[in-house]
Amino acid sequence: MIRVTGDPFDPAAEIAAFAAGRTDVGGIASFVGRVRDRAGEVRIRAMTLEHYPGMTERKLAEIEEEARRRWPLLDCLVIHRYGRMEPGEPIVLVATASAHRAAALEACTFLIDWLKTKAPFWKLEETDRGARWVEAKASDDAAAARWEERATG
Amino acid sequence: MIRVTGDPFDPAAEIAAFAAGRTDVGGIASFVGRVRDRAGEVRIRAMTLEHYPGMTERKLAEIEEEARRRWPLLDCLVIHRYGRMEPGEPIVLVATASAHRAAALEACTFLIDWLKTKAPFWKLEETDRGARWVEAKASDDAAAARWEERATG
Amino acid sequence: MKIRYFAWLRQRTGLAEEELEPPAEVHTVADLKRWLADRHPRFAETLAAPGVVRCAVDQEYAEDDTPVGGAREVAFFPPVTGG
Amino acid sequence: MKIRYFAWLRQRTGLAEEELEPPAEVHTVADLKRWLADRHPRFAETLAAPGVVRCAVDQEYAEDDTPVGGAREVAFFPPVTGG
C-alpha cells in the first residue's frame, strides 16, 4: 500500500496496524526516516518536502510492484509525507512482511533505496544560514544501483 | 539495550518509545520475528523457546556491543522472548537508530543475523504431528557469515 | 501542453506551470529545452549544465531524445532527494 | 562443576543439570565428553556424531580443546535456533 500525505502520521501506530493478526507472517521489517536537527555543522530548523502529485504515487506504486516481484511479500506499506516538517518528525515509513526474515529485510532496504532515487520529492532545508535545496547524494545513487538487475544471457 | 523476557511484549509500543523525541536521529530500522502458523506443510500450534539464562544476556550484550563498534548507532534495542508462544506472537524485536539510514538498516540486519546463530535459544514446535525441536538452518549460518570481518594486513 | 517546474527550477523560472503550444518543429525533449531556453533566460544556463535538469513526459522519466509530440504534460526538475 | 543440558540434549540425558566432580584426568571439553558418555549412555551416541553437540564453558562457546579445569559451569546443547 502506498500513501502520500501532507498530514503528520504516527509510524508506531502504522506499524501496530501493519500485518496485525496475521499468523502467516514470520518477519516484519520497517524503516522510518525522520527530519534531523543538523546537517554537518549547519542547524536545521525545518524541512519542506515538495513533490510531483500524480507522478509520486505512480512511481511509488511501481517501486512497490517491483519489490513484490522480487520478494515473496505478504504485505507492504510505504507512507511518504510532503509539506513542512520540524526535526524529529517522520518523513517516510517503509514496512514489509514476509514468511521469512531475509525477504522482509532486503525488500525494506530495497524500497527505501529506490524510493530515494526514483520518487519525485525534493527537500528544502530551513537552516540558521537560510533556506537551501538539498542536493542529491552520490551515495544514494550507489545504494540504488546495488539493486539494478544485471541482464542475463 | 537488551531485554530477555518470559512475558509477552508489544513491538509497536516498544518502537513508539524507541528514540522518541530525539532530533539527531535520521533513520530507525526495526525487525520483528513472529511465530508462524506453519512450517512447510506442517501446521504449528505453538512454539516454546528455551534459553540459557545468563549466557543469553551476555551473548546479546556482546552482539549489541559489536554492532555499536561497527556502526555509529544513536540507540539500539533487542528484546527476545522465551517460553511458550502461539502463532502471531512476537518472538524478537531488534531496533536501531542512526543519523543515516544505511547504518540503521545494516546494523538491524546484522543484529538479527548474529543473534540467530550466536544467542543460546532453542525452539520447540508443537505441530499437528507432535512436538519437535527446530533444526539449525545452513541459510542462517550463511547469513551470519556475511558479517564476519576478513583479517586485514 | 502543460509545462511544470519543481523545486529550485520553479524558483528559477518564476512559475510552477504554464500552458504552451510548442511549434511543430519541437519533436523531442531536447527540442523543447531549446525552445524553452529562449522563453526563460534564467532557465537557459541551467538547461545547458549537464546532469542538472531531469525531465518527465506524461509523468514518466524522459531523456533528451524522448518524443514530446502528443504529450499532455512535461515536467522539469532537479535530481530527486526524497525519503 | 555444574553440568547443564539444553533442548533435546536435556531430554536425552533426562536432566537439566547435575553437580559433578570430574576426575583429575579431565582437562578439556573432549575429556569431559568422554567421561560423561560413560555416565549417560543415551548421550554417548549424540556426542559421537560430529557437529551435533555444542558446548559452553562458563557461558562462553567452547571447542573440544578448551580447558575445563577450574570451570564452574559447562553446558551442552544443540546448535542454537533463536530469533
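As written, the chain order gives the labels A, B, C and D, with residue 1 at the start of each chain.
In this section, contacts are C-beta pairs under 8 Å (C-beta built on N, C-alpha and C of every residue); 3 or more make two chains touch, one makes a residue touch a chain.
Not measured: the values here are computed from a predicted model.
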Contacts common to chain B and chain C (chain labels): A
Whole-Å gap between the CA centroids of chain A and chain B: 23
Geometric centre distance via CA averages, chain D-chain A, whole Å: 48
Centroid distance [mean C-alpha coordinates] between chain C and chain A, Å: 26
Interface hub residues of chain C, defined as touching at least two other chains: 83
Multi-partner residues of chain B (at least 2 other chains): 33, 101, 112
Each pair of chains that touches, named by its two labels: A-B, A-C, B-D
Of all residues in chain D, those that touch chain B in their complex: 4, 6-8, 56, 59, 75, 77-83
Chain D contact footprint on chain B (complex, rising order): 33, 49-52, 54-55, 58, 80, 91-92, 112, 115-124, 133-137
Complex contacts: residues of chain B adjacent to chain A: 10-13, 15-16, 21-38, 87-88, 99, 101-102, 104-105, 108-109, 112, 139, 143
